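Here the structure comes first, spelled out in C-alpha cells, and everything after it is commentary.
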Amino acid sequence: MNQIYPVIIEILQIAILLIAAPVFIGWIRMLKCWSQGRTSAGILQPYRDIAKLFTKDVVLAENASWIFRFTPYLVFGVTVLVGAIVPILSVDLPLSATADVIVLIGLFAIARFFTALAGMDIGTAFGGMGSSREMMIASLAEPAMLMAIFTVSLVSRSTSLSQIVHVITSKGFILRPSIAFAVLAFILIAIAETGRIPVDNPATHLELTMIHEAMILEYSGRHLALMEWAGMMKVFLFAGLGIAVFFPWGIAPKDNLIYLPAAILFLAIKLCLAGTGLVLIETGLAKMRIFRIPEFLGSAFLFATLGMLSYFILE
Amino acid sequence: MSITLAAQINSILAALILLTAFGLLVQRRIYGLLHLFAWQGLFLSISTGIVGYVAGVNHLYISSVLTLGLKVIVLPYILHILIIRMQIRKEVDTVVNIPTTMLIGIALVIFSYHLTAPIIELSTLVTKSTLAVALATVMLGLLMMITRRNAVTQIIGFLSMENGLFFAATSATYGMPLVVELGVALDILIAAFIFGIFFFQIRTTFDSLDVNSMAKLKEEE
Amino acid sequence: MISDITPFGTAFFSIILLLAAIVIAAFLNKYQKLLISVSFSITALSCLMASIAGIWGVGAGYVESTTISMGIPDLPFHLRLDPLSGFFLVVVGLLSFFVSVYSLGYVKGFIGHRSVTHLVIFYCLFITGMFLVILSDDALSFLISWELMAASSYFLVMFEDERVENRRAAFLYLVVAHVGAIAILLSFGILAGLTTGFKGFDGYTFDAMRQAEFPAGWATAAFLLAFFGFAAKAGVIPFHVWLPEAHPVAPSNVSALMSGVMLKTAIYGIVRVSFDLIGISNWWWGAIVLIFGLISAVLGVLYALMQHDLKRLLAYSSVENIGIILIGIGLAMIFTYFEMPQLAALSLLAGLYHTLNHAMFKGLLFMGAGAVLYATKERSMEEMGGLIHKMPWTAALFLVGCISISALPPFNGFVSEWLTFQAFLLSPSLQTPLLNLLIPLGAALLALAAALSAACFVMAFGVTFLGRWRGHHNSPPPFDSPLSKGGYRGVKGGNGGLEVDWYMRIGMIMAALACLILGILPTMTIGWMDALSEQLVGDKITITAGEFGWLWLTPIAHERASYSAPIVLIVVLAVVLLAYILLHIRKAAVHRAPLWDCGFEKVTNRMQYSAASFSMPIRRIFGFLFSIREDVRAVYPTGNPLFPKRLRYHLKVRDRFWGLFYKPVADASIWISRKVGKLQQGRIQMYLIYSFITIIVLLLFLR
Amino acid sequence: MMILILLAVSFVAAIILAFVGDRRFAHEINIIGSAVTFFAGLGLAVQVNMQGPMLAGGKFFFVDYFNVYLAVLTSLVSFTTAIFSRRYMRREREHGRVGHWGMRFYHAMFQLFIFAMLLALLTNNVGVLWIAMELATLSTVLLVSLYRTPTAIEAAWKYFILCGVGIALALFGTVLLYFAAERVLGEGGEALLWTNLNQVSGQLEPTVLRLAFVFLLVGYGTKVGLVPLHNWLPDAHSEGPTPISAVLSGLLLNIALYALVRFKVLVDGATGTHQAGYMMMGFGLLSILVASFSLLRQKDIKRIFAYSSIEHMGIATFAFGLGGPIATFGALMHMLVHSLTKSSIFFTVGHASQIHGTQEMDKIRGLIKGNPLVGWGLILGVMAIVGMPPFGVFVSEFLILTATIKDAPIFTPFLLIGLGVAFAGILRRAQQMVSGSVPPSHKSLKAANIPVILHMVLVLILGIYMPDFLNQWFHKAVELLK
C-alpha cells in the first residue's frame, strides 16, 4: 500500500495539473468578463481552444529550424515535470526530491530559454523583440525571486518544497513579517513571470506592447496548442507554488489517504481566491511601459530583501 | 737643506700652483692660458723634486722629470702647434661671468680645506698641509672645464686637473709607486695625441672649436 | 611492470612528449600538412595522458613529489602532484585534448597563407607551461613556467601579426601579465624571506612555506600581492582589459585554451597560495575575493551583452565565470576562517566544479565560434544569422555550450551554480551578523549574473545561428573563401553547406559530451573530487552528497536541498516523447509558408532583431555602467528634407575601466619621461656640472 | 702562465693588426686572436676551478672567484663580437663608411681594448687597475668617432671628456686610498695590492677611505653609467660602430662595476658601516628609474638599448649595495647574463639597422618575415632582457627582487616601477620592429648567426640549468664580497 500510495498521488497530481490548469484560466477570464461587464465564454472555453488547435494543421515559417518545432514539446515537458514536483495536494511525492526551489527556477528558465530562441528562429522583428524583452524581465525577476526563496529558507532551513511545507505546517500559523514581505515580493514576481498585467498583456496582439505573445506569434496548430497549454499550467503552477510555500495549510501530510479529498477541496478554494486576486489586480491596473518594469521588479526585490533583513532583525 | 725649509718652499710652491689654477680659471687669452699651464707644470715638477730630495724617495725624481717633460714642454708645445695649425683666434671667447667663477673657486678652496683637514691630522709628512691645495686644484680644473666653451681650454682644464692629482700624490704620500706613475704618464701622453686628433676632427667637421656647436645629441621635446 | 607506473610518472611523461612534439615540429617545417597532423596528434595524446594522470591521482588522493636538477643547483625544480594539482591537470589536460583534436582540422585552414610552424611550437610550449605551472612546487620553477605560459601565448596572440589589433592586444596582454607576475614574485619573496630570512635558497620551496608560520601583517601583504597578481591573469575586473582584446584576435583553438584553461591556472594559484601555502588568517581575505568575484560576475556578463563580436562576447563571459568561481572560493575562505569545514568544502568544491565546467563549455563555445569564423570569415554577429541551416552540427553543439553556460539544468553549468547558491543559503550559520546581512545580497547578484548570462547567450545563439542571414550581401560568403581552402563537398550555401570537417566536429562533440556527463553525474564527480577538499579544508561532503545514492545530489543534508539531474533529464525526455507520439498518431499536415509576422509585408533580413537591438533594454537599464556613444544620422535624398532615404545608427559601447585606470598610467609615464628627458640636453658643460654637483653633494653627505 | 697568454695574445694581436688591419684576412686574424684569448680564458677558468684562487707574476696578477668568471666572460664576448664584426664591418666597408686606416685602427683598437679590460680584471694593483681603465677608455674613444659624422665626433668628445674627468677623480680616490694604505702596509707597491688591502681592510683609516670612496664612486661610476653621470653612454653607444656598442655595454660597464664593488668591500671593511652600500643603492635606484623612463621616448634603436644597459647596471649596482647572500648572488649572475644578452641584442640590432639602412625604429618593420634569424634573435633577446623566463635575466632579477622586498621593502615600489616601465617601453618598440610585413626599403644580407645563437643558448641554459661550477664560483665570490 505504502509503496504505491505516493505513485497514486503523483499521477493524481499530474492529472489535476493538466485538467485544472485550463479551468483555472477559464475561471480568471470569466471573472474578468464579469468585472468588465461582458458576457463570458464560459469556464470551459480554454478546453475548446486547445482542442481546436490540436485538430488544425501546422503552418511553419519558411526558415523555421528544428528548434522552432522542438520548443513546444520541451516547454510542455518541463512544465509537466515542474507540476510533478510542486506539492499541490500532498507532501510525499516521489519526485519532490528531484528538485528544490532553485532547480524549479532553473526549469522555468530552460523553458523560457527555448521559447526565446524560438522567437528568434523565424527571424521576424517581433520575435526578436519578444525574446529580448522576455529575457530582460526574467533577468530582473531572478534576483528578487532568489531573495524571496532565501527568506523562506531562513525560516524553514531548507529549499526543498516538501520540507518547507512540512516545516511551516508543523509549526502552525505564526505571523512573520519576513514571510509577509516575501509574499508581497512573490506576487509581484509571479505576475512578471507569468506575463500578466501590468507587466504584459496575454490578451493583446498590439505589436509594440506584446512580450510573450510576440515570441509565439508564428506558432500554429498543435505547437500553439502545447504552448498555450503550457502557459496555462505555468500560471496554475505559480499559484500552486505560492500556496505551497506561503499557505500550505491543508496540504495532505505523509501516508494517509483520508486527507486527500480535504486537500483537493482546500486547493480549489485557495485557487479560486488566487484567481480572484489576480483579476482584481488586472482590472485595477493598466499595463505599464516596458521601462517601468525595472521599477516594478525593483520593488519586488526591495520587499524580498526587507523580508530577509526583518528575519535577522526582528525574529 | 733642512726639512722645515723644504716644507716652506713646498708650501710656497703650493701657493703658486693654486694661484696659477685661479689664473687659468679667469685668463681669457689662449696663449696666456698655455703659459700659465706651463708654469703650473713647472712648479709642480720642482715641488716633486724637492719632496723627493727631502724624503729621499728616488723615484720621485723620475716623476718630477716626467712632469717637467710632459707638462712643461711636450704638452704645451703640442697645444701650441695645434693652435697655430688651426689658427684659433687669439682672444678666446669670454669665460661666463668671471666674478662668480672666482667666488665659486674660493668657496671650493675653503671646502677642500674643510674636507682634507681631518686627513691632514693623520699624516706625518712634512708636505701634508698641501693636500688641500691639491684637491682645490683638481676642483678648480673641473670648474674651468665647466665654464669654458672652447675645446682647447677644456683640455687645458683637464690637464690642470691632472696636475692637481700629481700634486696630491706627491704631497700626501710622497708619490705613488713608480709603475703607477709611469702608467699615468703614458696615459696622459696617449690622451694628448687623442685630443690632438680630436681637434682636427672637430675643426674639420664644425669649423670651430666651440663645444657648444656640439649639442645635437639630446632628447627632443 | 605496470605497478610502477604512477600518476606522477604519467604526467611527467606527457610533458616529455610535448617537448618531443616541439622538436618534431621544428624538423617538419617543410611539410606543413604532415607537421600539423603529427604534432597535434602527439599533443592530443600527451594531454590525454596528463588528464588520465590527474583523474587517477585525485581519485587515489595521492601525493608524489620529486626534484629535477635544473634551475640553480641550490634550487632545483621541485615538482609535486597532489590532489589539487591533479584536479587542475584534469581541467587543463582534458580541454587541451579536445582542442588539439579540433586543431587538427582548424589549423589546416592557415595552410597556403602563412607558415604554421611557430604556431604549433608555441602551442605546445603553451600547454607545457600550463602543466608545469600546475606541477611545480617551488617559487622559481613556478614563475618560470608561469611566464613561459605567458610568453608563448603572447606569440600565439601575435600569430597574425600584420593586423594592428593583434599587435596591440598582444602587447597589452603581455604587459598586464608581466606586472601580475611581478606581484606574484613579490608575494613569494615575502614568503621565502619569512621562511628562511634569505640565509639560503631552500626558503623558496613550497614545502618550506607550508611548514612556516607567518606573522599576520606580512601574510596579508603576501596574500594581497598574490591575489592581485593572479587576478591580473584571471582577468578579474578591473584587471580584465587585456582579455577582451587578446582572446578574440588569437587563432580560435588558442583562444579556446586561453579562455578555457589558462585563466584557470590563475585560480589554481589563488587556491594554492591562500589555502595551501599561507593559510587563511583573516576572514576579510575571503570577503575581498568574494567582492571582486561578484563585481566581475555582474559587470563581465553586462559587458558581454554589449558585444557584437562573437569572440569578444565569449571573452567577456569568461570574466563573468571567473567571477563565479571566485565567489565560491571566497565563501570557502570565509567558512574556513570561521572553522566550518563542511561548508568550506561545499563552497570550495562549488568553485572548483565550476572551474572544470567552465573549461568545458567555454572551450566548446570558442571552438564553435572558431568553426563559424572558419566557415564565414565573419566575427561580427550583426552580419550573421540562419547558420543553423548551413552548419547543423556546429549549431547543435554550440547550443549545448550555450545551455551549459546559462546554468540551465540538466547541463553542468547549473550544477556548480546550484552548489554555489546552496553555499550562499547556508551562510546564515555564520556567527557574524554583518556577514549574515551582506552575503545574501551577494547571492542576489549571482542570480542576476546567471539570468543575464542566459539572456546573453540567447542573443549569441539566436543572432548567430537563427533567423536569416543578416549580412549585407544576401547569402553566406561564397564557399571558396580563403580559409576553408582544403575544401569540403563543394556545395554552395545549401544544407550543411558550410559545415566544418570531422576533426573539428569531434573536438566539439567530445567537449559537449563532457558538459552533459558533468551535468547529469554530479554526485560521482564530487565523490571523485573529495580528496581536494580533504587536502585543503580538511573535510568532505561526499557522504552527505551521496546520501541518497548516485541519483540525488544532496549537499549537507537531503532535507536541506536535493537535485537529481538524471531524473530531470529522463522525465522531460519521456514527456516530450509521449506528447510527440500522441500528437503524431493522427497525421496533421505541415505546410511551409512565408512569414506571417502579424501581417506585415516585405520583411527583409535587415529587419531582424540584431545583437544591438536585442541588448537595448538592458543597455537602457544598466547604461550608467558603460560609456555609451550612440548617434542616429538620417541621410536625406537631395531636395527632399522631409523623408530620409535611410537612417544610420551608430553605437559605441566602451569599457569604463580603460579610461579609469589604464590611460592615466600611460599618460603619467609619458609625462614623466618627457620631464626626465630634459636631463639629456646635449651641452657637455651641463654634464660636467652634473658630475661636479654629484661629488660636492656626496662629500657633504659624508660630513 | 695562462694569465700571461691571456694578456699577451690580445696585445700582440693589437700590434699586428695595427699594420695589417685593412687586409682581407684581418678579420680572420682578429677572430683567431680573440679565439686564442678565449681559450686561454677557459684554461684559466679550469685552472682556478682546480687549484682555487692564485697569484701570478710576482703578486702582480691575481685571480679569484670574482674576477675569473668576468675574465672568461670578457674573452668570450670579445670572441663572439669579433666573429660578428667580420660580416658587419665587411658590409660597412663595402658601403664606404670606413676606409683603410679606419679598418686598421678599428682592429688594433679592438684588441687593445680587450687587452685593457683583461688587464683591469686580472691585475692585483689598484693603480694598474686605474691605468687599465683609462686605457680602455682611450682605446674606444676614437672608435666611437670612427664614422667621422658630426654626431659621432660629438659623442666621442663627450665620452672622452666625461670619462676623462671621471677617471681623474677616481685617481684622486686611489691616491687617498694609497695614503691610507701605506700607513698600514708601508711604502711602495705592496700597499696597492688587492690581496694585501683585503687582509688589512679592518685597520685602514675610515675617514680617509670614506672620502676616497666618494671619489672612486663618482669616478668609476661614470664608466658604469650611473645616473646622473651617465650622459656619455647613450651617445657613445648610438654613434659608434655596433660591435663597439656591444662590447661597451657588454663588457666595459661590467669591468667598471667590478672595480667599484671591490672598493666597496674594502671601504665597508674599513668603516664597518653600510654607508657605501647605501650610496650604491641610491645610485642604482636612480639609474633604474631615470633610464627606464628615458627609454620610453627613444626613437633610435641603439639608444633605447643603451638606456636599458644603464637600467640593468643600476639593478646590479643596487643589488651589490643591498648585499646579503641572495642579492649578491643575483647581482653576480645579473652581470653575466646581462652582458651576454645585451651584446647579442646589439648584434641583431646592428644587422637590423643595416637591413633597413637606418637606426630609426619607426622605419624598421617586419624583421621576422624579412630575416627570421635577426627578427627572432631580436625579439627573444628583448624577451630575455626585460626579464621573461626561461632566460637567465629572469632568474637573477627573481633573486634580487625577492631579496629586496624582504630586506628593503621601501625600495621595492621604485624598483618595480622602473622594471615595469622598461618592460613596456622596450617591448612595445621591439614588437613593432619584428612584426608586420616587410617594407620595400628592406635589403637582404647574410647575418652573422653564430654569435647570436650562441649567446641566446647560453642565456637560456643559465636560465633553466646553471652549471654547478659556476654556482660554486658565485657562492665563493659571495663569501669574498661579504
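Lettered A, B, C and D in written order, each chain numbered from 1.
In this section, a residue touches a chain if its C-beta (ideal position, glycine included) is under 8 Å from a C-beta of that chain, and two chains touch if they have at least 3 such contacts.
Here the structure is a predicted model, which means the values were calculated and not measured.
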| item | value |
| --- | --- |
| Contact-richer chain pair [B-D vs A-C] | A-C |
| Mean-CA-position distance for subunit D and subunit B (Å) | 31 |
| Centre distance in Å when subunit A and subunit C are each reduced to the mean of their C-alpha atoms | 36 |
| Cα-centroid distance, subunit C relative to subunit D, in whole angstrom | 44 |
| Distance between chain centroids, defined by C-alpha means - subunit B, subunit C (Å) | 70 |
| Residue list for subunit D, restricted to those that touch at least two other chains | 157-158, 161, 165, 169, 211, 234, 294, 297 |
| Interface hub residues of subunit C, defined as touching at least two other chains | 674, 677, 679-680, 684, 688, 691, 699 |
| Sites on subunit B at which at least two other chains make contact | 115, 142, 145, 154, 211, 214-217, 219 |
| Full enumeration of touching chain pairs | A-C, B-C, B-D, C-D |
| Interfacial residue positions of subunit C with respect to subunit D in the complex | 69-74, 139-140, 143-148, 150-151, 158, 161-162, 167, 170-171, 174-175, 178-179, 182, 185-186, 188-190, 192-194, 197-201, 204, 669-670, 672-674, 676-677, 679-680, 684, 687-688, 690-691, 694-695, 698-699, 702 |
| Subunit A partner contacts - residues on subunit C that touch it in the complex | 385-386, 388-389, 395, 399, 403, 406-409, 414, 418, 421-422, 424-425, 428, 433, 436-437, 440-441, 443-445, 447-448, 450-452, 454-455, 458-459, 461-463, 466-468, 548, 552, 558-564, 567-568, 571-576, 579-580, 583, 588-598, 603, 605, 607-609, 613-618, 620-621 |
| Contact footprint of subunit B on subunit D as seen in their complex | 125, 127-128, 130-131, 134-135, 138, 141-142, 145, 148-151, 153-158, 160-161, 164-165, 168-169, 171-172, 174-176, 178-179, 182-183, 187-189, 191-192, 205, 207-208, 211, 234-235, 238-239, 294, 297 |
| Residue numbers on subunit D that touch subunit C, as the complex places them | 157-158, 161-162, 165-166, 169, 210-211, 214-215, 217-218, 222, 227-229, 231-232, 234, 279, 290, 293-294, 296-297, 324-326, 368, 383, 386-390, 394-395, 398, 401-407, 412, 416, 419-421, 423-424, 427-428, 431-432, 435-437, 463-466, 468, 471 |
| Subunit C-facing residues of subunit B, complex | 111, 115, 142-143, 145-147, 149, 154, 211-212, 214-221 |
